[in-house]
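Note that chain A is present in both complexes that follow, paired respectively with chain B and with chain C.
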Partner chain A sequence: MSSVPVPTRRQVLALYKQFIKNSNQFNNYNFRQYFLRKSRSTFKESADLKDTVQVTNMFNEAKKELGILKRQAVISQMYTFDKTVVEPTLKLNHTQ
Partner chain B sequence: MFGRSLVRLPRVVPSNVGLRPSVWSSKIRSGNLSRCYSAAAAEAVKLDEGISIETHTDIQAAAKEQANVRSNDSEAIKSGNTALNHAYQENTGFGTRPIYLDMQATTPTDPRVLDTMLKYYTGLYGNPHSNTHAYGWETNKSVEEAREHVAKVINANAKEIIFTSGATESNNMVLKGVPRFYKKTKKHIITTRTEHKCVLEAARSMINEGFEVTFLGVDSNGLIDVNELENAIRPDTCLVSVMAVNNEIGVIQPIKQIGEICKKHKVYFHTDCAQAYGKIPIDVNDMNIDLMSISSHKIYGPKGIGALYVRRRPRIRLEPLLSGGGQERGLRSGTLAPPLVTGFGEAARLMLQEFDNDQNYISRLSNKLISGLLSLDHATLNGSPNHHYPGCINVSFAYVEGESLLMALRDIALSSGSACTSASLEPSYVLHALGKDDALAHSSIRFGIGRFTTEEEVDYVIKAIQERVKFLRELSPLWEMVQEGIDLDSIEWSGH
Partner chain C sequence: MFRSLLRANVARSAMISQGPVRFYSPSNLSKTAISSRVIDVIKSFNKTDASSSNPTEITMESSFKKDLGLDSLDTVELIVAMEEEFSIEIPDKVADELTSVAQTVDYIKDHTDAS
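Showing the complex of A and B:
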């Protein structure tokens, strides 16, 4: 794995944005909230990492997880269910 | 992108139309159902212009229908109905699907688990027991990886994990299989009165086979007395079965102490960890556990699969329930289901990976919920507050009937104390075992918090419970007397 370059700050931020964007696309309220919470806390933790090997590993792991998130967000949009009682039905686009 | 290639399906009445014709026709005529659908349906269409497959749920209609049936024969339930209507009207502009707080019954499948499973429903369909071709090898490899993940959570060896259809099967395998194997010399089983129904029933069926069973009682906190357990062990005792986390009240039994006692007396120790696995720290070696039942759908995995941990050193023998091809060390014949096994494995891996996060998050929400609920007068937490899994909260609201409260809380998916056999309205045998009277057992409700519960939901629940408990108490003549300071125990009831 030594051939893989250490991700730059910019790359990490771009990946983080992707996580938030895809988490937001879950139609299911509970999953959406969970992945938003999880994305934020994971990237916050990673900000404190100094060790380049750890940063690289985490980055690669996160890229794999992003794939899962993308696929599952699409599935969540294909099989939609009624909104729960804590979700406003009027606000149509919850991504913003 | 593949959404766009789909032909847009016309929106028709959902597919369950054929199942309950009478409900549908009446609802459609009255028009109230179509209203509650259209808002959500319209939104689903707008969410993504390319995707047109929609599935809709009908929980609210089902609940209302059930309530209507029930309200015909009970005054108390009717009053709940009023409270409910009152509540729904307040919340227009919001969805209709209830908040899910029944995590002890089952948990939602984690999307990461589903992502793992889908491969095995599409391309990777080989029989994991086929060893002559690549289709079998690839699924076999995945199954063994899943086994590693399942074992790792409890510090076991992968070879000690037997996949079953769930904790019910695992419990039956142990309660029946171990005594049957040792029946020549051993005739006695020990378990507790607060076990899950499947353990109690399996134990009862062993009585018919000539075994003796001791059902240990519990104290008012729901904990067993380890001295009593030790005294109950006889020379012909072959098995002790005590659950780790109780499914109704969330009480954690002293597993490590029980393991020591069992080891000292050389009896096998089985624990039903359906509610504990991955949620509290468990180490089969440190705790001297010989057999353990695990269920996948309690840890955000798929339903229909679970596992039995069977210690290899010293070897535990048990008679299998199923005869067949000898898969799973000969203990559980039948082809494994790779989608379920790998989903279960991923769920187990995530339980380990997310342990600290989940633990902190669930404890925080749990504390908030407990303090919110106990701020009501005459609300009590059932079970020990100190030996307690925070994700399972059981609270009794005195002077309210649990069923009518549940009926008034149809915007929240909960169970009452009598959750296990929800078809009957019997008060919970677990709460009885704790010494609670019928009335209190009837007025208890279980709240389950999990990884996917949000703080917003907890706030909603606290508010809803506080409002509706107050509302229902206003209707209760008993409550009126309590408010006037009449001691209810001093009253001589006439009649009957």
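Showing the complex of A and C:
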């Protein structure tokens, strides 16, 4: 197991940044907010992990999930969704 | 007919001899403009102490961690918000070292072509 390098703090934060950036790509408000919340809670939960094996496992797991997130974000942009009421509809407000 | 082409060629060779030339305009945002926008981004970021019921004043000296009560994950989110606001890319190496409002403003002013 020792052959696998343990991810550094910077690597983990960089991965988190990728999660946030890709979550922001979602067109649909509900999906976008869900993935932002989900990324945050998952990273926060494992913030206290000390065991190097566990940290490495979580890191690799998260990398796989980032792949899924990226694909889904792209797919979500191929479809249009109606805006939910909580989203600001700036254009409408300006014209009326 | 080919005169303009010729001229372009001459111009190009002159350019090469002078070394690399920048054709994009440098960022013309003033420091005050950048700082007010940075502070606005922080204000609208709803996890800071400044957005709580008893808000802390955001100043240039405010530290993300100490004064605004952000943890490392919050800071990453804030940096992403800054990147979106100024349409820039802040490398991870730099982002790791940005810990206060003033540092962020200075970085945006000096190292990026923010818009």
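Definition applied: the second predicted complex is superposed on the first by the 88 of 96 C-alpha atoms of A that agree within 3 Å, B and C clash if a C-alpha of one lies under 4 Å from a C-alpha of the other, contacts with A are read in each partner's own complex, and residues count from 1 in each chain.
By our rule, a contact is a pair of C-beta atoms (placed from the backbone, for glycine too) under 8 Å apart; a residue touches a chain by one contact, two chains touch by 3 or more.
Nothing here was measured: the structure is a model prediction, and the numbers come from that model.
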item: Room on chain A for both chain B and chain C (clash or fit); value: fit
item: Contacts of A:53 with chain B and chain C, given as first, second, both or neither; value: neither
item: Which superposed partner A:71 touches (first chain B, second chain C, both, neither); value: first
item: Touched partner set for A:34, first chain B, second chain C, both or neither; value: first
item: Which of chain B and chain C A:43 touches, first, second, both or neither; value: second
item: Chain B or chain C, by number of chain A residues touched; value: B
item: Partner chain(s) touched by A:6 [first = chain B, second = chain C, both, neither]; value: neither
item: Once both complexes are placed on the shared chain, angle at chain A toward chain B and chain C, C-alpha, multiple of 10 degrees; value: 140
item: Partner chain in contact with A:17 - chain B first, chain C second, else both or neither; value: second
item: Which superposed partner A:84 touches (first chain B, second chain C, both, neither); value: first
item: Closest Cα approach, chain C to chain B, once both complexes are overlaid on chain A (Å); value: 13
item: Chain B and chain C footprints on chain A, overlapping residues; value: none
item: List of chain B residues in touch with chain A within their complex; value: 3, 36-37, 39-40, 43-44, 46-48, 51, 53-57, 59-60, 91, 93-100, 108, 111-112, 114-115, 357, 411-412, 451-454, 456-457, 460
item: List of chain C residues in touch with chain A within their complex; value: 72-73, 76-77, 79-80, 84, 92-93, 95-96
item: Chain C-facing residues of chain A, complex; value: 9-10, 13-14, 16-17, 20-21, 24, 40, 43-44, 47
item: In the complex with chain B, residue positions of chain A that touch it; value: 26-27, 29-31, 33-35, 38, 41, 65, 68-69, 71-72, 74-90, 92-93
